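Look at the two complexes coming up: subunit A is in both, with subunit B in one and subunit C in the other.
Moving on to the complex of A and B:
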């Protein structure tokens, strides 16, 4: 092949090899090799992207289309016939009290977790920023990030043990202080907050890391200029740092909103099973129960499409907002 | 640079002005240390419980450290449930998924970064587009696909569909390849290297840091993934450690196996935690250089 390319690019007259090639009669084998080389060079980019396109097509985009199809049918996974029911799977949701409770739970999770996961790490990053050169900082980073690298189900199990009504350390501590023990996970009012606590504990470190990296990238000249002009700490943040880290801020915001429904699933499944009375359930958990507990495939597909629509709209809104209001440094 | 920054943020940083600053720093340290303790507590509590004998686990008073440390919880966990199988499944799935993701991501990332061909942008958009498709949407159809392929209760049923979530890794590698000077690629081409050889001999050795990060992130992700394996792995022996947690949890009230339970949680926690502690610098630096700079 190396020979072939020399032949092909033999424009340079001083390459003795090339001039000889011109003088000689056309070597069929070389032409063939050159053509083959060119063919493979043309084909290589397509071969490089083909596997990922195939995988993504089969396991991401095809399911999306197939979900739309399935959402119009009544089917239970095993039955040989799928019965066409039109929009009944969607309209049925309107009357399902369990779906209403799941939606309410979804709302509570979003309203509690999005601010907590977007703003708490930002505050923490600003707190860590002045002491970023201290030796302890590396330890802080490793420690605060550590829950991120363990599984959500493990995290949930650890907290299940802490929240345990009889032997759990939390109840033991509040009992020592003279309060009555609480059945954290079987009380309809506290169960959802237990899941929220686990989620905050689990995810705070990741966003913290992103914010710290963003703060690191703010050019020192800007900070220097602002401080020469006598800017206060708050002004420095509001007028210099925050505008410059807004891309990260919105990245964190969008990814949090998208992932929040999904990520609490493990904690719900391990800790509360959606209960008591669906009070800690959310829309993803509802989908799981519909699709994989009572095998209402049509209804589960309908819910999955609602989730997709919601995610798509949110993403679109966020990107529009980012385009208009975010300053890129 | 550090000293410049310090002087810059604190123009009057002489004499008296230093004191409020020190107090502020002390306060920051205190708050962060407290937060670190809160963060570490559940894991330390897990570790402590996993070495406790049953009477200490179920004692009335608060007992932070085990008085008579024991290792018996580990073999006991293996007795109740096939924890060894779970560990092996977790490892196999994480390793194979990671290798598979690397194998499909690297050539694609190179093509998206440096090669010109029809449909380049369209393909890249299709790959990035998967990031806004929530995984939950794909569960039901993929479950049907996997059950048609007879992959329920097998590692393949977990691995193959997971390969589709590689968009972020492709993006990371692509960004890294774009920072390589075009000259070295041109030089390879002039020397007669085919695209494939350029990728193998020129690009690959130069993107090792990005590959290290992708490997670590992908391993962690596969080791920890929960929902999809929960659906596919129904059989007790075929489960992973992450999914096995749910088995312990659903038996927690009836069996009261808190010691063995925490021992299994330790097994599930140690590999990812070790990996992170050794590689955290690389992870952080890649976040900074990969275009998520701010």
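Moving on to the complex of A and C:
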């Protein structure tokens, strides 16, 4: 049977050779080879990305879907019986005072840490910027960045010693000034602030480096021109530098809001265990306790979905209302 | 001609990379298939028949912080090494994912869920219900068959009920402890306080505690374990109970509330240190804290760490009432599903329960749960006094939300002791909060 291949067929091997129609009959082997070629031509890109899709699917989307499924069950990962409980894992949270305290803690961490982790490194970067050519800046940079690379369990030992109520350096100092000793990590009014301080100390260096890199990228011509026009330091920051580093600022803001509650988890886990009386807990620590200390996978999955939804909404709000002020150059 | 060659080359190029890709993919799929076949049950059992058994013993006892592994091996490691040296055909591999019981149990649970359970895991007494209902622990009767009775005959009769449920022995008693009062005898001497008089009862403790506090200027009493454990002993000593016979909360009885109020009074008097257990441990070792209430299991470690005259005392009582302390620690539970693993686990448990095994294990400072004649370490006498008076089982928290019930109650204990809530309100609120978490009766 003779088969003709139409002129201009997409992907034809000799499509680049002109508009000649292949009018003469073609044998079966050639047609088969041609069809196979077309198949692989289309399939090959998918095969190349398949491993990545598989990895993302297995480690990101499957757990997400499985979490949704698990949130409707009472299960401990081991028991042969999964009891379907409907929305009970969600409704239970409404009445759980420990969840309420975790939510409150989450809010406090966001309100305290987002400004601290977004604005404080920016201020430090602006202070370090004028001495960018000196060795002093390298010293500051290393000093401020070092905590970022130290393991939290190691850092926590240091801070546990600082905050120790009877032997800690902090209490020794304030006692010398006539103040009473404080149980920093066991006092419900101070524990959460100790966690916040340690988290700032641990994470500030990374954002500082991002800001320094962004400031480096600001064209010097603009600064010189503004300088010649007599712009003050504040005007240069407000009208030139800040607008030009807004992509970095936006990135830091979004990633900080997304990650702030994950970041404090290490400090909570090592220093306070969420205590005293759950007052330094947050929603991520609550999730961890539900899943891995109390073994309630259904409850933990329900909480994880709430975190997912909350983070998605916050991120959307930022992109909707903040991104419009970002100058991408 | 040159154009034709170029086109031919271009046509060949994608085919060549595709071929390479397919070759790689086929190789990967082949490897995966071979690995998969190797993991099939019939292949595994065929392999196991002619190979020595290796089992995992997951426990919480690593090398003490700051010590060199080669210099000081924990008795748990020594126990494993002594067993392996016997070449029984069973090799035990110790794993210490964490020094924390709950984290270790979590890790074990993850492995059970993944179908690769560790054969043996140290399981806290308080999680005995969960081990049975949630993790399907294998009883010693099922594991050891006719040999089990002989092995268990070596244990003190008062110990076995602590690890028995529904007529089955849930695990091998290993880490057997109770809380005691550790104190810095040098501070006591400086304060001119007779420890025997001070620890006689809680009223004396409070009265003489003020003199001790005058020496250091600090609160004198710190907590070394989860508060609910010590609270259980204190409540029982006042005639109350934490859980009743049906495992329902009984901590809102007048006796229990009065016991909790006594601790709150100590805090009000500035005698009780609000701190984390890590902080109080550091303060006691450093000599800033005079008294530390903690498990007798800490004796071995503390003896090496402190630089002062370390002594222990039984817990103070409530005037005119008997002491009734709670036991604590962990048993070894078997979670192996595979027959060979179970056989290996039983071989190791028999060794642990032997005189040779106990000679090694009891260097830790834990109490001797067996009938073997073992030396009493300096400081252990306080714990043995309490044991002789009769230890109760650590609260077996009920239901699938057992750990959450314990957590809620523990948090209220801390709040009451710290004066964050009154004893009466705290006990009652805690009960209201845990009732929905308990299994329906």
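The rule we apply is simple: the second predicted complex is superposed on the first by the 274 of 329 C-alpha atoms of A that agree within 3 Å, B and C clash if a C-alpha of one lies under 4 Å from a C-alpha of the other, contacts with A are read in each partner's own complex, and residues count from 1 in each chain.
What we mean here is this: a residue touches a chain if its C-beta (ideal position, glycine included) is under 8 Å from a C-beta of that chain, and two chains touch if they have at least 3 such contacts.
Small disclaimer: the values here were computed from a predicted structure and weren't measured.
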| item | value |
| --- | --- |
| Three-chain arrangement built on subunit A, subunit B and subunit C clash or fit | clash |
| Subunit A: partner with more touched residues, subunit B or subunit C | B |
| Partner chain(s) touched by A:209 [first = subunit B, second = subunit C, both, neither] | first |
| First, second, both or neither for A:40, with subunit B first and subunit C second | both |
| Contacts of A:48 with subunit B and subunit C, given as first, second, both or neither | both |
| Which superposed partner A:294 touches (first subunit B, second subunit C, both, neither) | second |
| Contacts of A:235 with subunit B and subunit C, given as first, second, both or neither | neither |
| Touched partner set for A:161, first subunit B, second subunit C, both or neither | both |
| Touching partner for A:188 - first (subunit B), second (subunit C), both, neither | second |
| Partner chain(s) touched by A:98 [first = subunit B, second = subunit C, both, neither] | second |
| Subunit C-contacting residues of subunit A that also contact subunit B | 40-41, 44, 47-48, 77, 160-161, 164, 167, 271, 273, 292 |
| List of subunit B residues in touch with subunit A within their complex | 1-2, 4-5, 8-11, 24-25, 28-29, 31-33, 35-36, 38-40, 42-43, 45-46, 49, 57-58, 60-62, 103-105, 107-108, 110-112, 115-117, 120, 123, 126-127, 130, 132-145, 160-161, 163-164, 166-167, 170, 190, 192, 194-196, 199, 220, 223-227, 230-231, 241-243, 245-246, 248-250, 252, 258, 261-262, 265, 268-269, 272-273, 275-277, 280, 283-284, 287-288, 292-294 |
| Touch list for subunit A against partner subunit B, complex | 1-2, 5-6, 9, 37, 40-42, 44-49, 51-53, 55-64, 66-67, 70, 77, 124, 127-128, 130-131, 133-134, 136, 139-147, 149-162, 164, 167, 169, 172-173, 176, 201, 204-205, 209-210, 212-214, 216-218, 220, 223-224, 227-228, 230, 236, 244-245, 247-248, 251, 258, 261-262, 265-266, 269-271, 273, 284, 287-288, 291-292, 297, 300-301, 304-305, 307-308, 311-312, 315, 329 |
| Touching residues (chain side subunit A, partner subunit C) in the complex | 13-14, 16-17, 40-41, 44, 47-48, 74, 76-79, 92, 95, 97-98, 160-161, 163-167, 181, 183, 185-188, 271-273, 275-278, 289-290, 292-296 |
| Subunit C to subunit A touching residues, read off their complex | 7, 11, 14-15, 18, 21, 25, 102-103, 106, 109-110, 112-113, 130, 133-136, 218-219, 273-276, 278-279, 282-283, 286, 288-289, 400-401, 403-404, 407-408, 411, 414-415, 418, 420, 433, 436 |
